[in-house]
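Got some structures for you, see below.
In the two complexes that follow, chain A is the common piece, with chain B as its partner first and chain C second.
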Partner chain A sequence: MSTEMATNKRYRDKQKRKDAFISIFIGFFAFVWIFPILWTVWTSLRPYNEIISYGIFSRPRSLNFDNYVNAVKEMEIAGYLLNSAIVTIPSVILTLFFGSLIAFVVTRYKFKFNLTILLLFTAGNMLPIVLTYIPVFWMFIWVGELFGNRNMFYNNYAGLILVHVAFQVGFAAFVLSSYMKTIPKEISESATIDGANVFRHYWNVILPLLRPALAALSVLMTTWIYNEFFWALVLMSDDSKRPITSALRRLQGQYVTDFNLLAAGAIIAALPTVILFFVLRKQFIAGLTLGSTKG
Partner chain B sequence: MSENTNSVSRRSLLKGAAVGGLGLVAGSTIATSSADAATRLKGSTVRWTTRGGGATGDKIAKAVNDAFAKKTGAKVVAQQVNSDDFQNNFAQIMQGSPDDAFGWMAGYRSNHFGEMGLLADLTREINRLKPTLPTSAIKGATSPVSKKPYILPTTYYPWALHYRKSMVKEIGMNPEKIDTWDDFIKLMTLTQKKGLVGYSLGAKGGWEAMGTFDILNARINGYKYHIDLLNGRAKWTDAKTKETFKYFAQLIPFMNENVLDISWDGMRDLLLQKKTGAMMMGSWFANDFKAKSQADYDDLWVVPFPEINPKWGIDSIDAPLDGISVAANGKNVAGGKALAQFWASPEGITEAIKAGDTNIYVSKSFDTSSYDSFNKQKLAVLGSAKNIMFFLDRDARGDFAGPVVGPAIQSFIKKPSDINKILESVQAQWDALPKN
Partner chain C sequence: MKTATTSKKTRSRRSLSKTDRFTLSAFVGIPTLLQILLLWVPAVVTIFLSFTYWNGIRLSDIRWAGIQNYKTIFLNEPLFYEALKNNGVWLAFFVLVATPLGILLAYQVDRGIKGHAFYESIFYLPVVLSLAVIGIIWNFMLQPGGFVQGLMGLDIGNAISIWGNPDINTWVILGVASWRHIGYIMLLYLSGLKSVDPALKEAAAIDGATEWQIFRKIILPTMKPVNIIIVVITLIESLRAFDLVYIIYGSPTIFPLLNLLVFQNFAGQGLSMKGAAYAVILLVLCIVPIITYLRIVFKEDLK
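Entry: the complex of A and B
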């Protein structure tokens, strides 16, 4: 009896030690991960003048929200947020629409180039965008000039939306096709027997079943497109048409950059996605694990 | 057609200028040209880009553009962009649908794009401004290859030796008299003896230390050799170039240990926090001293880099020249040219200064009487030199300065004894560049 209790106790102690070790391990990495964000918040509360006079690691003489007030004033947030919305919302809707169409065809119908098509779309995703930038730039200019308007795509929301759709649709197709494979084939078969044509099959049968996947994916896509900076920078020559991420660049001077002000601006710009994350946390996590049970 | 006749009449007016008093006709040429512009531009839209500058930049742009609009009846649509982004994507922006006129930089950065056909030829505009511009500025704005100006020069600033007067006094030297190489070495030695940094330098971005190289080379080998070197007419492996690096190596023991880890702002902080004796830098950071306190600002001083070779004295200075360029692909090139000319004219400068511009203008009309003592000294430093250099990364081609010279200086600071190998590599990389 007593020996059994002793073994139990020893086992429990061992478990406890293991738990403690894991907790420390997780705690350490959680800290490493969150440190830059905490540091940004910390920086945003200190005045620039203090940093240049006493150094970055000096003890704070004053902490306040002045940087936030100035950032809001200088960033002209409303206009840039509107630009972000003009670009992000159609991009997400179109990406999901085209992505689901591709996924639908490659999973529900059997033909020779099924896998090739899916691979093609997914592989396109792997290209670094900096490589495609110059060709895309010239394509926009030339296609625009073909129609007599250089700015049909270049320096135009339409072009930016198009680029986002093109670059995100591969991933969307990949994720949605994985998810679609989990929908039983019998549903499609009975729909076909009941006389549903291809579009009806897609629109009335499959699409409603895709809803959880679409919700999850739309949250992910929104975050990605909202945070995107490069395309907006190179394809929009008018600053007034650029999204919120480039408003941050307004806070940087030719020589002098007030990093404290910039930190405050970064936090303001990140706020919408953070709020989105907390509101739609469930979908977000679902999105990250989507299709992971079926390859 | 009408433009042609205009230019003819203007030219004859200019000829007249040579005969009749310069000032009088100068006024009248500018007046006629703007009268022409007014009839031509009325109702058209001109687009303007401000390169950085924050709220002050917007305010200055608005003041000048509004005055232009009022005078000509044209409408100006202005925007501000981030300076680095604009510079890095410049070729694409110019080939896309650029704004008509914008603030830009003289030297290789305008000449190169001008010769590519992306910037408009501003010969007529610069001729109209001739009475108010010093010849050095006109020379600086003109491409040595095509002999055409692609930029109208407006402002510049000196790269020179900065230190704190109080710190120099503390070590028993006269802050007004740091003239020779020996004075300079003495200043650094005495400062270092106090446990501080003798000469602060940053080279994180590669370009910061180019200022020190430029001035050493110009002091030791002269302006012509320096420019020849940067344009391939002299060799990096030449004994003269090696001599420059010998002097550069003398400075290394006085430097902060983290040269490769800090940029210009790290250098500024060392001086701001009274941790360094002297540094070679562009004078743009003075406002940060003012932001800290008036006493700090009053303590800041700037002098020409000391003489090394008496043959050259202090006859050269790095003073990057900025100005206004016009996009060749803009929708309203004529409007852009008129706007650029207005920005560079005495009228435009007056508006900019009224709106809070603290730059130093090259224009002869520029009134400096209201300047504080630091800015007056900046002018004196600029005035001390006969030859204006634009800084290494504007005097040399862009695919050489940043990618080759920058890393070479970094390796030199890391291991000065490798200098022969480093210079051979720089020369080899120059030789490998495609020549056009």
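Entry: the complex of A and C
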């Protein structure tokens, strides 16, 4: 008995020493990890002239938010952020709505096509996106011309939103349906016996139960859609309609000579997802792990 | 009793009223239609287009090309082989270095060291950043007048081009890509590790197992489903890679990747539909990991 306790103690002491050593190592690694971000923040707080005349590592003579003020003014950041919101918010809501509909039907009703549908959606989410660029681009232009308005989908927020929804709904349907499988079937049965029709069964019974999964997914989807920028480059010909993530690419070329200003622009562009992450970290992680570790 | 349940079942099947049936068809139909129209139809059309010449303007201009586009790519396109090589190196680096590092970090952070939540946040931070922002951030580190060149004692006047140097740019790009990938893998792995019983580890350690033995004999087998998923994600991410390189270079000539070639041939030289052929080649490469993934996640349903 006492020898066992001694081994236990020796083990714990050894672990403690190891933990201390590993903490230092991890701490160092974490510093290296965050350094580029800190450097960008640092750069964004200093005027460009100072770096030109005194060098990269010069002692700061003035630290302020001038670059941020100028970025908002010169780069028209507010407009781009608004574009991002116009695209991201409806895309996320529609993706979750459609995803939950599919999940609801395939897990609560026994149709023959259930598995096919779910496979179709999940596989669709994994296709290389470039496989669809050319046809979607021409389809949007043609459909627009058919209705006499070339910009109905092409160069229009609506087109971008539809594309985002079509691509993300597969992930949402998959995650929500694996979540739904954990909700007991009896709840649905009693709802049906009580005479609830399909819509009320979905809206009043299932949707409230899905809330935690929807919260997790919405954080993840917002991050993904906000950060996506290729579709906006392909489908938006007016730069003024592009979301901020896509606009950054052009700004990078334009402000290459004043990179302190660009640093401020990049930080502003990153802020929405970073804030979202810090406020709803749990949901973000839950969203990612819900989708990938259901084995 | 038995008849009661069967009658209840038939009733619930039959009890779907007309309205209910309509609602259900709309519930499934609308999302499926969107998915088919904007994803599956375009995918099939791209496969078809890869066998044609077309400038994309009028449908009547489409000319059958047979396998000519593929022939051009395979025989006359040095960039294609360079892209294959780069994607291969990318894949190898992610599988052999970045992913194991992410797992190692997850394993170490999982020991519950002091401030682990803080460290986790730092490692996850790059995962929430867009690649556009990541490109800009790393430019500040590496471009003339950036941090690294400053450290090397090179001011703007006699700076060197790190991105343009073919001897090192592969490793620099892979490093930046790993900066994001490692956090992602760590996040996925850590959530799996939390479900491993710590008593198991402790018991093994007291019996004299080394850390490496514990990891190989206890952690890896328990984490098998997560391991496979992570490998598949790594494969797909490596094949799909290009956003970062596009942000840095804007064209595929310096560091070609398959995806980048699709994009360039789509935007630049539509005539031959070579872009479509590149996309199909990419699809063929992705098919094995995709099917593997689907088979894992639908294991029970497919039975």
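Everything below uses one rule, namely that the second predicted complex is superposed on the first by the 204 of 295 C-alpha atoms of A that agree within 3 Å, B and C clash if a C-alpha of one lies under 4 Å from a C-alpha of the other, contacts with A are read in each partner's own complex, and residues count from 1 in each chain.
The working rule: contacts are C-beta pairs under 8 Å (C-beta built on N, C-alpha and C of every residue); 3 or more make two chains touch, one makes a residue touch a chain.
Bear in mind the structure is a predicted one, so any value in this text is a computation, not a measurement.
Enquirer: In the three-chain superposition, say which chain, chain B or chain C, touches more residues of chain A.
Expert: If we count touched residues of chain A for both partners, the winner is C.
Enquirer: With both complexes superposed on chain A, which partner does A:249 reach: first (chain B), second (chain C), both or neither?
Expert: A:249: touches chain B and chain C.
Enquirer: For A:237, using the defined touch cut-off, is the partner it touches chain B, chain C, both, or neither? Pick first, second, both or neither.
Expert: The first partner, chain B, only.
Enquirer: Just checking: does A:223 make contact with chain B only, chain C only, both, or neither of them? Give me first, second, both or neither.
Expert: After superposing on A, A:223 lies in contact with chain C but is clear of chain B.
Enquirer: State whether A:28 touches chain B only (first), chain C only (second), both chains, or neither.
Expert: Once the two structures are laid over each other on A, A:28 reaches no partner at all.
Enquirer: Using the superposition on chain A described above, determine whether A:102 touches chain B (first), chain C (second), both, or neither.
Expert: The answer is second: A:102 touches chain C but not chain B.
Enquirer: Have a look at where A:37 lands relative to chain B and chain C in the superposition and call it first, second, both or neither.
Expert: It touches chain C, and chain B stays clear.
Enquirer: I'd like to know which partner A:203 touches here: chain B for first, chain C for second, both or neither.
Expert: A:203: touches no partner chain.
Enquirer: Give one of first, second, both or neither to describe whether A:269 is in contact with chain B, with chain C, with both, or with none.
Expert: It touches chain C, and chain B stays clear.
Enquirer: Which partner chains sit in contact with A:115 here, chain B, chain C, both or neither? Use first/second/both/neither.
Expert: After superposition on chain A, A:115 lies in contact with chain C alone.
Enquirer: For chain A, which residues belong to both interfaces, chain B and chain C?
Expert: After superposing on chain A, chain A residues 52, 55, 134, 137, 234, 246, 249, 252 contact both chain B and chain C.
Enquirer: Can you check the complex and tell me which residues of chain C touch chain A?
Expert: Listed in rising order, the residues of chain C that touch chain A are 12, 15-17, 19-20, 23-24, 27-28, 30-32, 34-43, 45-46, 49, 56, 105, 108-109, 111-115, 118-119, 121-126, 128-133, 135-141, 143, 145-147, 149-150, 155-156, 179, 183-184, 187-188, 191-192, 202, 205-206, 224-226, 228-229, 233, 236, 239-240, 243, 247, 259, 262-263, 266-267, 270, 273, 275-276, 278-280, 282-283, 286, 290, 293-294, 296-299, 301-302.
Enquirer: Could you pull out which chain A residues touch chain B in their complex?
Expert: The contact residues of chain A facing chain B are 48-49, 52-55, 74, 134, 137, 141, 150-151, 154-155, 233-234, 237-240, 246, 249-257.
Enquirer: Which residues of chain B touch chain A once you look at their complex with the stated criterion?
Expert: Chain B residues touching chain A: 51-55, 79-85, 89, 92-93, 95-99, 264-265, 268-269, 272-273, 282, 284-285, 287-288, 291-292.
Enquirer: Within their complex, state which residues of chain A touch chain C.
Expert: On the chain A side, the touching residues are 7-8, 11, 15, 18-19, 22-23, 25-27, 29-30, 33-34, 36-37, 39-40, 43, 51-52, 55-57, 98-99, 101-102, 104-105, 109, 115, 117-124, 126-139, 162-163, 165-167, 169-170, 173-174, 189, 192, 197-199, 202, 223, 226-230, 234, 245-246, 248-249, 252, 259, 262-263, 266, 269-270, 273-274, 276-278, 281, 284-285, 288-289, 292-295.
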